[in-house]
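Two complexes, one shared chain (subunit A), two partners (subunit B, subunit C).
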Partner chain A sequence: QKVSVEVLDHLEHLALVDFRDLEGVERLQKAIQFADQLHEVNTDGVEPMDSVLEDRCLYLREDDVTEGNCTKELMENAREKVEEYFVAPPGNIPLPKLEERETFLPGS
Partner chain B sequence: AALKDGLRSQVSAALKEGRVTPTELCQRCLALIKSTKFLNAYITVAEETALKQAEESEERYKRGQPLGILDGIPISVKDNFNTAGIETTCASNMLKGYISPYNATVVQKLLDQGAVLLGKTNLDEFAMGSGSTDGVFGPVRNPWSYSKQYKEKSVLKSHSEDEESDWVITGGSSGGSAAAVSSFTCFAALGSDTGGSTRNPAAHCGVVGLKPTYGLISRHGLIPLVNSMDVPGILTRCVDDAAVLLGSLAGHDPKDSTTVQDDFKPFELPNLTDVSKLSIGIPKEYHAPGLSSEILALWSKAADLFKNAGAKVIEVSLPHTRYSIVCYHVLCTAEVASNMARFDGLEYGHRSDMKDSTESMYAATRREGFNDVVRGRILSGNYFLLKQNYEKYFVKAQKVRRLIANDFVKVFRSGVDILLTPTTLSDAAPYTEFIQEDNRTRSAQDDILTQAANMAGLPAINVPTALSERGLPVGLQFIGRSFQEKQLLSVAKWFEKQVQFPVIQLEEVKRHDNGVFQHQKSASFS
Partner chain C sequence: LAPWVPVVGLEIHAQISSNSKLFSGSQVQFAAPPNSLVSFFDASLPGTLPVLNRRCVEAAVMTGLALNCSINKKSLFDRKHYFYADLPAGYQITQQRVPIAVNGSLSYSLCIDNKMSQMVTKTVRIKQIQLEQDSGKSLHDDTRSQTLVDLNRAGVGLMEVVMEPDMCCGEEAAAAVRELQLILQTLGSSQAVMAEGQLRVDANVSVHHPGEPYGVRTEVKNINSIRFLAKAVDYEIQRQIEELENGGTILNETRAFDSKLGCTVPMRDKEGKQDYRFMPEPNLPPLILYDAKSLPANMNHQQVINIDWIHERLPDLPSVKREKLVEQYGILPEHSFTLLNEDGLAEFFESVVKHTQMKPKKVIGWVLNDLLSYLKQHSLTVKESPVSSFLLADLLNLLEKKEISSTAAKQVLAELWKGEGKTPLEIVKEQKLELLQDQKELEQICQAVIDGQENE
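Then we have the complex of A and B:
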């Protein structure tokens, strides 16, 4: 089954990257096909594995400040800033809908 | 000291006795980097800082107080490790011009021991790929393309072929590091290994490539791809050197909570003479489709080598091997989708001029900053993480991961000490042939033999074994038990001694190396 345009649009929204062209969409199709092979494996009663170190306790340290005060260094890499703020364009504005967006997907 | 010498055995002594100075070593390497520029192994060469570090090292040697074996030793670092004051690009437009404010822990450890950082090596963009062909700075060329050994075999081909287009790939994604070590421009290099990215180029470039146990070496400062599988990788010209590097890098790091707290004691490798107590496992599933008959034969010969030396060599089974690459594909793209989310242009890296809204700025920045491969993986990852797909793909893959890891546990529990497998399906492909297929297809093909070790978190090492019929390196892989690097490297060292892999014969190196050009025995193994 092919991935629907709705899902493709949804993915572009979630990922904030675009498919760019037909090749990009086909790449996803092939990736899904490839991944479908997983369903050949019987995993009844098998617990998912998050980490190979699951048998060990996570290391906790004392709640002491050991580093910081590096605002100046960290700000140096930002392109747009004001005093100690990173400057972003206005938020709470959703990405344009498919019809209004400049994207490869049909419907735009 | 010749550029070919082993660190512990020869170079260190030469430096202590003053037969060569750190500055001389550094200058020789820098000159060689310049004359091998066509390999495109380096993205950034930190000439000034390297010479300064070399000078400081020289002062220490003069006072008779070197910091250790690595003091004054030129090394290179893959460009996905943060290096303070030096550009770190990950071979991507997204990080072009990004100057790290800090050193990755492994880089800091090397510098603390006096190592001289020559520069940052080339890779596939964000370490995604198996050819080192997909970075924004262009592909890396395998030094063996220019070796006497390869050229001799190519003479038989049609003369009308342009020599320029004949060059072969390094493999990837740590191709720049492998090429740098292989062409003698540094004594050791750091790579990273998520699906085979250190062992694959090591095999194609004829160098030792070590993937340590997950949790042994800190990932702090290594720009992450797959947090549950990434490890820093070590590339050197001999197994002893890999042990030296491991000794200086391993150990708990409070800044990386995935490093284990066990005490790590650096070790010197014994000169094993008796392998009769060893049990070597040959996993039958690693006879994968597409494995070249040449490599199959070498693998078989290697097994016989151990058998004839008295070791127990048995066929074993890792039944879920063929699903490892599929599992990796899902888990990798899912983690990538998450890890790449940090690149939005606000705090560092490329930022688009788009100003309409935060979301559109993020989208434009990522559109401009990432190449097809990266975008493809992000989109696939997001697909597998969709609510309707999460159980079906992501959790399913996590379950399959456990089955793969358990396969290894069972085999090691049955008394096998080390597994012996091929590292790659064939020798290095010509660039023009390699790029006929897309990145995802190639990665799926090329990672097949290396990937499972990352899945299970096990240590694995590529040892250069012999030259192929085309005159190119072929390596074999040893996989060991968790945190048993000493045993793994001891066996690898024994094997290295048996096979006597030939030294690459490069014109450029001959000119720069005023050490005696040792007459090399021909490869006794092929």
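Then we have the complex of A and C:
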């Protein structure tokens, strides 16, 4: 079962990844097939595990102010700043539609 | 034309009242220099990890209990992914699979036909309460085509309260939110001041014909006050009805309320259905809460949250306070509703009652009719009142002892509003408002008047 162009396009929009070429898509295909092997295991009546930390104690911190106040250091990471604000584009810049962007995916 | 049934549900985000953030130790404070209350974790710098704040969990448990919820002894954290400049990690840590509290209810009162004397109680089901992070703030600079981002708010703890679509109009939505606000303020779990963004409400609105399935719903955001909430909901209901009656369709979209125009408009950046790619938060084990029965023997107290301990220490909720006021002072339910609806008014009333011989049933009239209407006229809060509870009590004592008439009392009150520091007694003497009690003196005055008449 192949991954459809619609799904690939959807993934590129959501995750901003670029499958770049056929090899990239085939690698994705193989990864899905590999993971699908999990379906062969009978898990009836077994609680899913979503973290190996599930038996660990979740540490609770006291409500004290212990961090912050490091504007100068944080701003060193900013390419652009305006009076200690980070600067970003006016809104999300969506990935152009399939027909309008350069991608090897069929439809562009 | 077939009748329409509007359906209104609410998603309310209440900022938790705590010193530090949900998963980091940076301070929670409104209006601080930009990016000064930001830790490395809040800025999503690599190598940082979330550490859960105990106080935030307690706030959520208190709120869940006050809203009659079942508290989940095991709840989980998840990541909700979307891209936005004020969400540096690219995801928000929330509780999508198993939230901390579920299946509660909230009762609120409404006046029928705007008459205070006819109040009806309604209930809305609470679907769930979940803990989640707040995002930073985006300031849109349209002239320079850029957005300025301040992460001071990023990571502040939120309780999202989801109300089922049991409401049918703006008035009900507003009343439900007002009651929730009072409850949160009583608990102290959130200060819930809408103007400071501590309480944000999104409304889900749809309409359908009776007996038919629910219609397509829209989400309305950018509602900044309880008054605007009622307006936004009612506008959206009307808009949908008109659209459908004209043969149009309703899009499942997100709309923003424009308070200047009084209408809802489609929101940018929200086109198309979002896919949040929820996944378990790998850095946080399940949150386990205990009660008296399940309390572990050998655990550090600081690491244990006991639901029963919290339950025992819940303060009186507004509904209970109202009943107590009615019982203790013999006032009407609508009176106690108003007393609790104004910040500080109940305490003011009780203080006056304490310092005067006048019966509470009579005092309430002076507090609700004279004092409150004056405050409203001049947009003052109870705390800003130039007439203190002691001054009013002094005045009412003069009235009760029949040293002045009711009319004179109102005159004195009018003088007291000026806040010139005079006592009621001083004003009475100044304006000669004392009631004459002396029989002889009264006879002399009457005789003089009669004599005066005879001479004409």
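Following the convention adopted for this analysis, the second predicted complex is superposed on the first by the 105 of 108 C-alpha atoms of A that agree within 3 Å, B and C clash if a C-alpha of one lies under 4 Å from a C-alpha of the other, contacts with A are read in each partner's own complex, and residues count from 1 in each chain.
As a convention for this text, a residue touches a chain if its C-beta (ideal position, glycine included) is under 8 Å from a C-beta of that chain, and two chains touch if they have at least 3 such contacts.
Just so it is clear, the model here is predicted, and its values are computed rather than measured.
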item: Partner chain(s) touched by A:22 [first = subunit B, second = subunit C, both, neither]; value: neither
item: Which superposed partner A:71 touches (first subunit B, second subunit C, both, neither); value: second
item: Contacts of A:91 with subunit B and subunit C, given as first, second, both or neither; value: both
item: Touched partner set for A:47, first subunit B, second subunit C, both or neither; value: first
item: Contacts of A:37 with subunit B and subunit C, given as first, second, both or neither; value: first
item: Touched partner set for A:62, first subunit B, second subunit C, both or neither; value: second
item: Touched partner set for A:79, first subunit B, second subunit C, both or neither; value: first
item: Footprint overlap on subunit A, where subunit B in one structure and subunit C in the other make contact; value: 10, 14-16, 50-51, 53, 56, 58-59, 61, 66, 70, 74, 77, 86, 88-91
item: Touching residues on subunit B, where the partner in the complex is subunit A; value: 98-99, 101, 214-215, 228, 252, 254, 257-258, 260-261, 320, 323, 326-327, 329-330, 333, 337, 344-349, 351, 354-363, 366-367, 370, 372, 375-376, 378-380, 382-384, 386, 392-393, 395-403, 405, 438, 440, 444, 456-457, 482
item: Subunit A to subunit C touching residues, read off their complex; value: 10, 14-16, 50-51, 53-71, 74-75, 77, 82-92
item: Residue numbers on subunit C that touch subunit A, as the complex places them; value: 18-20, 24-27, 33-43, 45, 51-57, 76, 81, 83-85, 138-142, 145-151, 268-269, 275, 277, 280, 282-288, 302-303, 305
item: Complex contact set, residues of subunit A against subunit B; value: 3, 7, 10-12, 14-20, 23-24, 27-28, 30-32, 34-35, 37-41, 43, 46-53, 56, 58-59, 61, 66, 70, 73-74, 76-80, 86, 88-91, 93-96
